[in-house]
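There are structures below to look over.
Consider the two complexes below, in which subunit A is the common component and subunit B and subunit C are the respective partners.
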Partner chain A sequence: MPDSMKSSFRRVAWISRITFLEAIRQRFFAFLIVLSAALVISSVSFRFMDFGHGELKFVADFGFGGIFFFGSILALVMTAQMFFAEIENRTALTLLAKPVGRFEFLVGKFAGVWAVLGVFIFTLCTLLGLVLWGRHQELVQIAEASGRVPPDLSVGGIFAYTLLQWLRLGVIAAMVLAVSSVARSFLFAVVVGAMTVLAGQLQWIAQEALLRDKELGVLHQAFLWLITRLIPNLQQFNIGDALTLDVTSVQVGAIGAASLSGGVYIIVLMCIAGLAFRRREI
Partner chain B sequence: MLRALTVVGVALALFVAGCFAENSWRLVRTSIPEMGRKEIEPTLGQGVLLGILGGLRTVIADGTWLRSYVAWEKRDRAACEGLMRTACALDPRARYFWENTGYVVGYDMAHWEIRRRGGYAKVSQEIQDGLFKSYAQKGLAVFEEGAKHTGGNPGILISAGQMCEIKLKDNKLAALYYKRATEATNVPWFAYFLCAKSLWEDGQKTEAYSWYRKQWLEKLKGVGDSSPDDLEHLRYMEAELNLPLLQRIPRQTWEK
Partner chain C sequence: MSTSLAISVQGLTKDFRVGLAGHKLRAVDNLNLEIPRGQVYGLLGPNGCGKSTTLKIILGLVAPTAGKISILGFPSATREARSRTGFLPEAPYFHKFLTGRELVNYYARLSGVEETKLKSAVDAALELTAMTEAGNRTIGTYSKGMLQRIGLAQAIVHEPELVILDEPTAGVDPVGAAAIGKMILEMRAQGRTIVLCSHLLGQVEQVCDRVAIMDKGRLVLEGRVDEVLARRDRQVISASHLTDAACAAAEAALIANGAKDIVITHPRRSLDELFRELVKGSRDA
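Up next is the complex of A and B:
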């Protein structure tokens, strides 16, 4: 590896380390992780509200829902906050006056935030895994005593879901960084980022409901087709309950393909962020 | 010029990423339940959106189902059916939602309609029968949709068969539903009898016996204690059909 690349990696690692330490000390992070953990733990107590699902499905859905919701908020707000804190405190100016490239700065910020999101996701998924495993053991005993078929639970599936969610949050963080690179204010970045996430989560409905609509004209359909390929499809990472409780319903290669797609999105969005940030006046 | 090229480059890069996502989505899609736009559209503004976004779908489906009970108590047909169908759309693989939506639409709503028109004394018997049949058809459509989404759940198919028997008075159709239920992997033991009974009551006595006999010899005989209740029903049929001894099922060693 050439020396210039080595030193570039060192600079990126240094920025990401500082970003990670700064982000993980934030009260907002602590608040969201405590709130999500409470939701995950309390999911077992809420199972009496369930109608006709497997008990583990309800608990898993409750936990995955909390992780999905609070994880998205964390990725949106923290990424924008970490970026704009540097701009507003003028530390970005000092930093970029040194031999640090703008793209290196962005990659460092992204890596730091993504690492914090990793801590969030892995902590909560481990907790949810423990809750599910504990309840699964009880249900297996009950099923054995009553001669019923015990429910399935795949620990590997929880791990796969964790990785997919981490990738999803990475895509969101990269999206917010791309928006922040052109945005003038924190609020604008968060609002536009949230809208993009919303569009990304709902674009599969547009694909399935609108593109199948035969009443639409060719132009309208072509426009929708293009839009659904330009907006990242974030729903592809949400197969937690299938991975955990019905792993046979997941096609071979689905996790690999979703991971590859997430990786490509992160690279493309970071390149866009880099392009936009290169021209930005700080 | 450079700016335009940059914009095109960015769009192209996003498009390439979109193509990767398309490939991944094709593989992932089978793990995510189908969701009809028509079912969720009327209730989108009422908290259902979060369920569509990704997580908490089961929880929101449960919440929507609870809200449908409020409409059920008020006998509000539109709201009740709308909310119940939303719960089905949010979690289409749950048998409970389809089965109970079918029951409410097929059994309860005709009574609500009759009451709304002034009560049983004011509505003629002919119109009442028409209403019962038309709502039963709607309930049956819900069961059909539920069977499609749940991979032919035998519970839903048996409920559909019961509705054909009770409300449509159509034993032939009921037998078809029961027969479909017997083809499922986790079929309850009584589904075979229900199918044979429906065919029998439809007047297809020989067909009912042949089918039931075939099922008993091929499937039920080898299950548990050889299904003695089913054999008892078969013996009744043999007696009713006046079958010669040689055409009957050979006497079993354990038979009373």
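Up next is the complex of A and C:
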């Protein structure tokens, strides 16, 4: 590896390290992780409801839903906050007056925030995994005693879901960073970022319409095609219950395709952010 | 690259677009500056005259509308130019959770200081800015003067040839301001070029070799401090133990020789000098 590239990696690593240390100290992060953990643990209370084999699915959906929702908010707010903190506090002035490239700055910010999102998602998914595993053990005993078929639970599936969710939060962080690089205020970045996340959640509608309605006009089709290419489909990452409780229902290659798509979107969005930030006046 | 100039600015113009209609606001208007190496150069002017914009353009933080800028012979905004430049912005803000030493270490790494020289570079920067003792405290506990000094430490940790200081004494008491002035002179003694943007004209007069005064985005005066301040049409005679009779005789002799507008008075020291004399020994640490 050339020396210039090594130096570049070192600078990015240091910016991400400081971003991580700053983000992890935020009260907002502590608040969301405690709230989400409380939500996941509270799902244990569903054991008192007799859902039979559907109980685990309910607990999983509840837990994954909470992690998905609060994780999205965290990715949205934390990314915009970490970016604008540097601009508004003018630490970006001292940073970018050093031999630090603007793209290095953005990648450092992204990596730092993504690491914090990793702490969030791995902590909560581990907690949810423990809750599911504990209840699963009890349900297996009950099923064996009553001669019923015990429910499935895949620990590997929970891990795969965790990685997919981390990737999804990475895509959201990259989307918000792309918006922030042109936004003039934190509020604008959060609002527009939230809209793009919502658009990503609903992108599948355009995708389905494109596949289903063959009688659409050329312009309509072109519009839908453009939407499906420009906006990442965030729904493709939401296969937590299938991965965890019924891994056989997951299509072969779905995880790989989602991972590849997530990775490509992160790279493309970071490049867009880099291009927009290149000429920004600090 | 060898050049006698630390900074060369030619025909620099900067327009900002304001409002929805995108009206043009000219912040810097056809500015030409040549800042020699190894000097302390004062960039002065009222608020909004374009000083900070000029500095930001020189540092590559803002793009010029027109003009050419080079730093130490390299085009500004390039990595080569920035690795040879240190910058302290006005009212600097740093991550409060870091200690002073961690902050300077962080900026040293970003500046590309080699791993083997890192500790000595950080120690030297902290020592020059008198922050060695306070270096192990978190920045959140620092006073304004200490923030400026740690800001100066991060600016010089990679031993830049050019140091740009934007209002380094803003909000700092006279003792702290004098300490920063002393550090500026120490940096000059080390052969560095310092560009100083300040409203403390007394200090600028003391530490700067040359000054440029800007107004409404334009350069209105540039030259050596002693040249631009000298009033060639007047002289000052200073003496001690002068009696009233001697004073009258001197005045009469001057009039007899054609002198006009004679003023005989006691010289005044500045309030800044008096303050520093009275609070001597007090340190902002």
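To be clear about the criterion, the second predicted complex is superposed on the first by the 265 of 282 C-alpha atoms of A that agree within 3 Å, B and C clash if a C-alpha of one lies under 4 Å from a C-alpha of the other, contacts with A are read in each partner's own complex, and residues count from 1 in each chain.
Everything below uses one rule, namely that a contact is a pair of C-beta atoms (placed from the backbone, for glycine too) under 8 Å apart; a residue touches a chain by one contact, two chains touch by 3 or more.
No experiment lies behind these values; they were computed from the predicted model shown.
Q: Compare subunit B and subunit C by how many residues of subunit A each one touches, and report the one with more.
A: Partner with more touched residues of subunit A: B.
Q: In the overlaid three-chain picture, which partner chain does A:F62 touch, first (subunit B) or second (subunit C), both, or neither?
A: Touch status of A:F62: first partner only.
Q: Can A:Q201 be said to touch subunit B (first), subunit C (second), both, or neither?
A: Only subunit B; A:Q201 stays clear of subunit C.
Q: Kindly classify A:R11 by the partners it touches after superposition: subunit B alone (first), subunit C alone (second), both, or neither?
A: second
Q: Quick one: is A:W166 in contact with subunit B, with subunit C, with both, or with neither? Answer first, second, both or neither.
A: neither
Q: For A:F110, select first, second, both or neither according to whether it touches subunit B, subunit C, the two together, or no partner.
A: In the superposition, A:F110 contacts neither subunit B nor subunit C.
Q: So, A:Q236: does it touch subunit B (first), subunit C (second), both, or neither?
A: First partner only, subunit B.
Q: Regarding the shared-chain residue A:F277, is it in contact with subunit B (first), subunit C (second), both, or neither?
A: neither
Q: Classify the contacts of A:F120 with the two partner chains as first (subunit B alone), second (subunit C alone), both, or neither.
A: neither
Q: Across the complex, what residues on subunit A touch subunit B?
A: That would be residues 46, 49-53, 57-58, 61-62, 64-69, 198, 201-202, 204-205, 207-210, 226, 228-236, 238-243, 246, 249-251, 253-254, 257-258, 260-261, 264-265, 268, 271-272, 275 of subunit A.
Q: What residues of subunit A sit close enough to touch subunit C in their complex?
A: Subunit A residues touching subunit C: 7, 10-11, 14-15, 18, 21-22, 25, 89-91, 93-101, 279, 281-282.
Q: Per the contact definition, I'd like the list of subunit C residues that touch subunit A in the complex.
A: Touch list, subunit C to subunit A: 56, 59-63, 79, 82-83, 85-89, 91-95, 97-98, 106-107, 109-112, 151, 154-155, 158.
Q: In the complex of these two chains, what residues of subunit B are touching subunit A?
A: Those residues of subunit B that touch subunit A are 6, 10-11, 13-25, 27-28, 30-32, 34-37, 50, 52-59, 62, 65-66, 91, 94-97.
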